[in-house]
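We just call them A, B, C and D in the order they show up, numbering each chain from 1.
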Amino acid sequence: MSTTLAEKIETPTHVQQLEDATVRFCGDSGDGMQLAGTQFTNTSALVGNDVATFPDFPAEIRAPRGTKAGVSGFQVHFSSKDIHTPGDTVDALVAMNPAALVTNIEDLRSGGILIVNRDEFDKKGLQQAGYATDPLEDGSLEPKYKLHKVDMTKLTRLAVAGSGLGQKDADRCRNMFAMGLVFWLYGRPMDPTLRFIAEKFGKRPEVAQANTAALKAGYHYGETVEAASTQYHIPKAKLPPGRYTNIEGATALSWGLMAAAQLSGKRLFLGAYPITPASTILETLAKHKNFDVLTFQAEDEIAAITSAIGAAFAGEMGVTASSGPGIALKGEALGLAVITELPLLVINVQRGGPSTGLPTKTEQADLFQAMMGRNGECPLPVIAARSPSDCFEVAQEAWRIATRFMTPVMLLTDGYIANGAEPWLLPDVSKLRKIEVKHPGPALDGTDNADESTFLPYQRDERLARPWAVPGTPGLEHRIGGLEKQDITGNVSYDPENHQHMVNTRARKVAGIANDIPLQELDGEETGDLLVLSWGGTYGACATAVHAVQARGRKVSHCHLRYLNPFPRNLGEILNNFKSVLIPELNMGQLRLIIRGEFLIDAIGLNKVQGKPFSVAEIVEKIEQLLK
Amino acid sequence: MSTTLAEKIETPTHVQQLEDATVRFCGDSGDGMQLAGTQFTNTSALVGNDVATFPDFPAEIRAPRGTKAGVSGFQVHFSSKDIHTPGDTVDALVAMNPAALVTNIEDLRSGGILIVNRDEFDKKGLQQAGYATDPLEDGSLEPKYKLHKVDMTKLTRLAVAGSGLGQKDADRCRNMFAMGLVFWLYGRPMDPTLRFIAEKFGKRPEVAQANTAALKAGYHYGETVEAASTQYHIPKAKLPPGRYTNIEGATALSWGLMAAAQLSGKRLFLGAYPITPASTILETLAKHKNFDVLTFQAEDEIAAITSAIGAAFAGEMGVTASSGPGIALKGEALGLAVITELPLLVINVQRGGPSTGLPTKTEQADLFQAMMGRNGECPLPVIAARSPSDCFEVAQEAWRIATRFMTPVMLLTDGYIANGAEPWLLPDVSKLRKIEVKHPGPALDGTDNADESTFLPYQRDERLARPWAVPGTPGLEHRIGGLEKQDITGNVSYDPENHQHMVNTRARKVAGIANDIPLQELDGEETGDLLVLSWGGTYGACATAVHAVQARGRKVSHCHLRYLNPFPRNLGEILNNFKSVLIPELNMGQLRLIIRGEFLIDAIGLNKVQGKPFSVAEIVEKIEQLLK
Amino acid sequence: MSASLTLPVLKPADFASDQDVRWCPGCGDYSILAQMKKVMPTLGVPREKIVFISGIGCSSRFPYYMNTYGMHSIHGRAPAVATGLKSVRPDLQVWVITGDGDGLSIGGNHLMHAIRRNLDINIILFNNRIYGLTKGQYSPTSPLGKKTKSTPMGAIDNPLHPLSIAIGCEGTFVARSIDTNIKHLGEMLKRAAEHKGTAFVEVYQNCNIFNDGAWDYATDRDTKADTTIELEHGKPLIFGKNRDKGIRLHGLDPEVVELGKGITEDDLLFHDEKAPEPSLAYLLSRMRHEDGFPEPIGVFRAVERPQYDAMINDQVAQATKERGPGDLNKLFATTETWDVAS
Amino acid sequence: MSASLTLPVLKPADFASDQDVRWCPGCGDYSILAQMKKVMPTLGVPREKIVFISGIGCSSRFPYYMNTYGMHSIHGRAPAVATGLKSVRPDLQVWVITGDGDGLSIGGNHLMHAIRRNLDINIILFNNRIYGLTKGQYSPTSPLGKKTKSTPMGAIDNPLHPLSIAIGCEGTFVARSIDTNIKHLGEMLKRAAEHKGTAFVEVYQNCNIFNDGAWDYATDRDTKADTTIELEHGKPLIFGKNRDKGIRLHGLDPEVVELGKGITEDDLLFHDEKAPEPSLAYLLSRMRHEDGFPEPIGVFRAVERPQYDAMINDQVAQATKERGPGDLNKLFATTETWDVAS
């Protein structure tokens, strides 16, 4: 249902052109702010802006109405330029109640637009938010912000009066009113949302009608009541031509896995145990069983990974997905996958730690665990996605490595990537790179009586990968397991030299992947004063910051790592071409320690563990400080 | 039952004085080689030698008799000087069957003494060992070694004929015959073993008598038949004065834990799940319940550690012990202990990995796991024992740190330390350092109705340790858990700045331990060409090697780390005083990466993963090579 | 701790912590919390001697709301935490709060072993037949065919029956109640607290956000008299709005019969919570609404057996009696020693 | 794989791998291995379609000795490995070999969930009531008071009864046999292989090194006729050297009775392995030697229920039928898209 929209937006007197803008909707978790944000994002994408989003959920399912603990927010950054972050500061803030106001106001730039639902600013609401006096009246907000006090509850109830909905349901439409108002403010068309409403509530026309009415009411409220004030227009972004959709990281990752399975001609088996923020992968894949996808909700994370190992031994695509605490439980089984040398994908959607930590917040603090969190010498490849849409490609790349080298692969994303969304140029499926998988055929004599000693499960190819012999193949019957194996035959061996040889071989195999992956690319000059080295979800903020300082003529380049183990062959060389190296991470310096240890360079860290992504300003500031 | 032995050893014509000697008993796991070795060790210790041992078990419980898989060995190094290793090469080898011979002969120095039980060198035996021709006859052993073919089976049966034992039991005495012979060879008294026999078989006099007869028969066989050949004498070692016992690492560790409990006035709760080579800790502690020791054999390793966390919350001494794969399973729970800031000991008796790996062999490859094997920013102190007797002190030190800083502590040993034995100067119990533990008393108003908000579970002391409030204390009721906590109150908090603050604080607390531990000591000059940096069980080999090259006038010093996280304050300084640094490890360079990353020095590794300790020669060679 | 000896009279409110309760409005957890606070003062245990241990889940937030000692541990491990706690401190009253996912999925093994060891602890399993905290995936008690976020085409795992499992692993106290049946729930909590040994109580709990109405048949005013049956020790199994129906044994199979028409109470199955063998309790645990049976609530089984926490401490006492309190010098002396003269 | 279609006649020896068997001489595992090799050729399944999955333990070395596909996985996790394997490859015959520690201690939860999901796999639990491989610590089936390396003063955990648990978690096929009763053992293995769904078989196995004689009462020539009773579907429970004793139900309690003296076979309990409700099987699982009962061997329960591996693949088939085979382009088209012109 692709649509090229006619620009049929009435242009009132005062229209101000902007390059980009950031809007945040916030309110009670019951207020439907996520939906409002998503709709606004899609609409902005549809009118041709580049967009980046940042949903922020409370940890509680439904904290008591009106409490700070219950505040849910959704931030959208939309622009006529290509952008990578949801924006540092907010240009327009919609706050549905006092708790939402108090917890979000500090992110609104001074002079920014502030739209509040005045009806919620009663005694109880103010007190729950901890306001001694009413901020709408005590002058603490004006003239600092362009304050719009709107009686959203009353107006919405009026608007939907006809629909015959009860008050509870009527109030559920307030988010539509707020959206309508913001749509008008930024001159966005209502059609996509109207279509959405029609689809979503198709079966309950009265609800559909009410939502429509509320949306329009909000829009017209803007046109009429607010007619005096300015309306803003953000022109289309110049994105490469093609067909786009707006995609979330979790969806892109799931689709990438499905694509990888098809490209390698495998069934996709996901063994997973629900955990925030990784559950969405299980939930998404479960919807697409017609892609020959089998989703197994295991009794725990250990069963999740070991079942995936079983699927791998069976010759299919075994995947497991979890988050920090769940990955911690998989350490022992990862060892089994490493020593049995079976292809396997282990996905860690990182969240705030340690322990249960901050389940709904983002962090990058599981890199150590990914690289070193196992007993014995137990190396495995680690790769990380950099943005929501990047997940689609990274999933395929991870599976390509797993099968070419017969090894488990750890794929890192984080809550910010998984829940965030961005426009994605739909790929030409026919051009996706095939993933060739070879299985040894039946024993030469073809009979089932072939002496299995003729098959050598640890006889390696030029990449040091062992053969992936699949049950059902006559004559290849063999046994593998967690005890050290004899080279070539794979029989149990306690021989000292053999153990050394196997440890070396497993390490060499993983190190050898460096010859199979692209050389590291660099954004900026080959040499310079400072290299910003980043990985994972900090890509957007780092890229934007580096571009900003480059624009000021600074000799700064940006190097973003997809491959964390092994590193690209040319990384050392790149690092040595810069006077200093800055490694921004949402942890206390995990990549930094490894880079220092491996390359003996005095890399500097910019570290933050606050459950939220870097702002561009934070990075720019650090860069400038280092260049002083 | 201390004994000062009269030196009443008959001195025959040819007695050769030696500084030290290494003997290895090897045979089928059913042949009682471990017992022979232990007896020989104790006797040597009793006559005043310094000793070091290396038992080597097969992975199978009882592989079929006579197979290589079933060979069990026990090596004893005894000396008139103080020694730290079981010896690189063997001076005298006792091989009870062909399989034992073929798997051990390469370790016998040329010219060494070789004693074999000829009766086992029949067709079947030779074939099981893979001998085409009989090595006793084909000249492959002579004149290279001093070969003694002894009809041990026949002679033993003769010797015990009177006892009325069946043949199966009679043959069980062959190890005694072999011991007797070696006792004679090295002029050791039989009394301790005779005492041992009397005690062990007290209830079965016929067995006691048979063993005695076999032992003496072997001894007299030496005197008479072998009278011609030489006897060797190793004078007493000059150990510091005092009372000694010969102690195994597992015992020393268990006793150290019991001492720590007593010194801190706590009950000792061990939550453990059996695993080689850590099970002996559970088994040893279970024997000493009168020390107020509670041993809980949990359903798995996760229950083992979480039950210990429960004991810690209850206010007692919670300990869990396992080995690599079991520790991997504890990662998530370790995070809980870190964020709840409870004192806890986690002991890892390392074995060969990855995965199930080489369960009965030694390795040091779990350092990464100890330091980094958890989700999130999750630092905890890591300390390692260097030798069997050192475990007694390290256990107390670990508990001291855990309680002073309210943190879980990871204590590393390995299979080599746990199973090895050495003379131990019994400490003066009254002089052991007390471990002061403070618990906040009842709320001031003393009543049970104290508003619990008056108690602040995360209000820290000068060491940043939080109070250890014990259930049962009125007015201190409080809740802790795995979610991020608010500073001071310990309430659940999702506040970004608070998270950053708590992550920083937990890290600073652990780093601060550096101010509480002794400065790093150095063996040798403060500056020089090379520093050998070691940790854990490689101490003995490294110390011996460094002494050897120092004797040759090399500017080499030795620095052995007990504290791996945090490092002693002065470590960086020490490292910088040497031209180069060598880090020998029984892994592929785990400490090395961390040292390089932290101190940016180009440390060199000597790495070995062969399931066995370093030989002194390997290290000496590497040192000399580096000095070239 | 002398204070703990004098027992000031406490009110339910004294057991409320200072934290705001953060369950969804309408969640069944609220009423369980309310009943727990009601029961607490009646147990005669000083507040500081009570500890609540939970895993992870909505239900597992419970300890934060009780003004006692407590730990919100990690997913599924609460029974193990409680085992260590109770072993070293048998003087404490220990409660384990868990959910159908926490207790039966990831934590099933710990639950099973805690029950068979029969530590003197009380385990309350909030069964809402869904994963609440993670927003609506199916759980081990979700019925076959259940459509959830993780099973859009319906669940294909046979559900577990918490009580059948508890009985299958040697449970000594096994009971069931319902969040909205507050009087009965209160009694069950009290009975659990009074039982010596592991008390396991399943509570039907409504998750009105992700699995609303899962227990309607058992809570609905009009139907509950016919869909549930209250077990009473020594009494016949009678139910129904006008108590005119009963359960009779036909061989080993229970059957629903109408009283009157020649069938008297004496023909019915009589409940015996103290039966040494658990066969009756097991049989009762198999009576399911979907098979046309009223579902029993109340105490299925309550027998006395030795408790792990008592025995582990008995062994310490016995060892101390036999060998005297631990003395390191004595211990050293048991080894073969030798002296090196100076 | 056409070769796999023609079924050459195989002998037990064809199922022996080239690895030396490394159990202790005299270990009960040998005879289980022998029976397995005997049964294999009778199943009509080509060797390459058979997979043995085990955990860790002496018993778990089993797969190394079978010339089929196999994995010696990690401790306790074999049922989970088998679940993934069988789900993606329902055409394979999957066996899980486990021990009383591997299966009931660390692996208890996986065992429980595999059984309730009723995948079409066969789980053989070697019960030697001890940890063999780790050299003699007690296990979940070791009797109370058992002195072992880890319990010098005697075990204080109530032992678990493997069959009670299997029945407590919805087992559809539950059986028991004895290592030395080779004919019976062979039959049980065959029955297990033929059952559709999870077949759970407990085998009494002697560890002659660390727990020798644990099952003497059930294996001893002179006593076994009185200490064990062979279950046969539809037949009365009769036992004894001269088959003169039987089991009668007294209410829900089994009792041993002498035949004759007015008691005829018809008074006895008749076995019904197909009983829809597991109450009978459960009751039988409670008959213990220590309580003066003969211990039942044979098939306790064998009923047909839907199997997880079949259903998970049915959902794939159904989804494909309804929506057609997965097509990424179609998938992309389901989203709100827009075009950017060049």
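Following the convention adopted for this analysis, a residue touches a chain if its C-beta (ideal position, glycine included) is under 8 Å from a C-beta of that chain, and two chains touch if they have at least 3 such contacts.
Since the model is a prediction, treat every value here as computed from it, not as a measurement.
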item: Centroid comparison with subunit D (C-alpha atoms), farthest chain; value: A
item: Averaged-CA centre spacing for the pair subunit D and subunit C, given as whole angstrom; value: 29
item: Separation of mean Cα positions, subunit C and subunit B [Å, integer]; value: 44
item: Distance from the mean Cα position of subunit B to that of subunit A, given in whole angstrom; value: 46
item: Subunit B-subunit D separation of Cα centroids, rounded to whole Å; value: 40
item: Shared-contact residues (touching 2 or more other chains) in subunit A; value: 69, 289, 299-300, 325, 332, 335-336, 340, 355-356, 481-483
item: Per-residue overlap in subunit C, given as positions that touch at least 2 other chains; value: 56, 74, 105-106, 108-109, 112-113, 140, 153, 312, 315, 318-319
item: Contact graph of the chains (line, ring, star, complete, other); value: complete
item: In the complex with subunit A, residue positions of subunit B that touch it; value: 58-59, 69, 323-325, 327-329, 331-332, 335-336, 338-340, 352-361, 363, 365-366, 368-369, 371-378, 481-484, 494, 496-497, 499-500, 503, 506-507, 587-588, 593-594, 596-598, 600-602, 608-612
item: Touch list for subunit D against partner subunit C, complex; value: 105-109, 112-113, 116-118, 140, 144, 153-154, 156-161, 164-165, 167-170, 249, 252-253, 275, 277-280, 282-283, 286, 305-306, 308, 311-312, 315, 318-319
item: Residue ranges of subunit D in contact with subunit B within the complex; value: 20-25, 56, 58, 74-76, 105-106, 108, 131-135, 137-138, 140, 149-153, 209
item: Residue ranges of subunit B in contact with subunit D within the complex; value: 60-65, 67, 69, 273-276, 279, 282-283, 286-287, 289, 295, 297, 299-301, 325, 355-356
item: Touch list for subunit D against partner subunit A, complex; value: 1, 3-4, 8, 10, 14, 17-19, 46-49, 51-53, 56, 63-64, 66-74, 77, 80-89, 91-92, 109-110, 112-113, 312-313, 315-316, 318-320, 322-326, 328-329, 331-333, 335-342
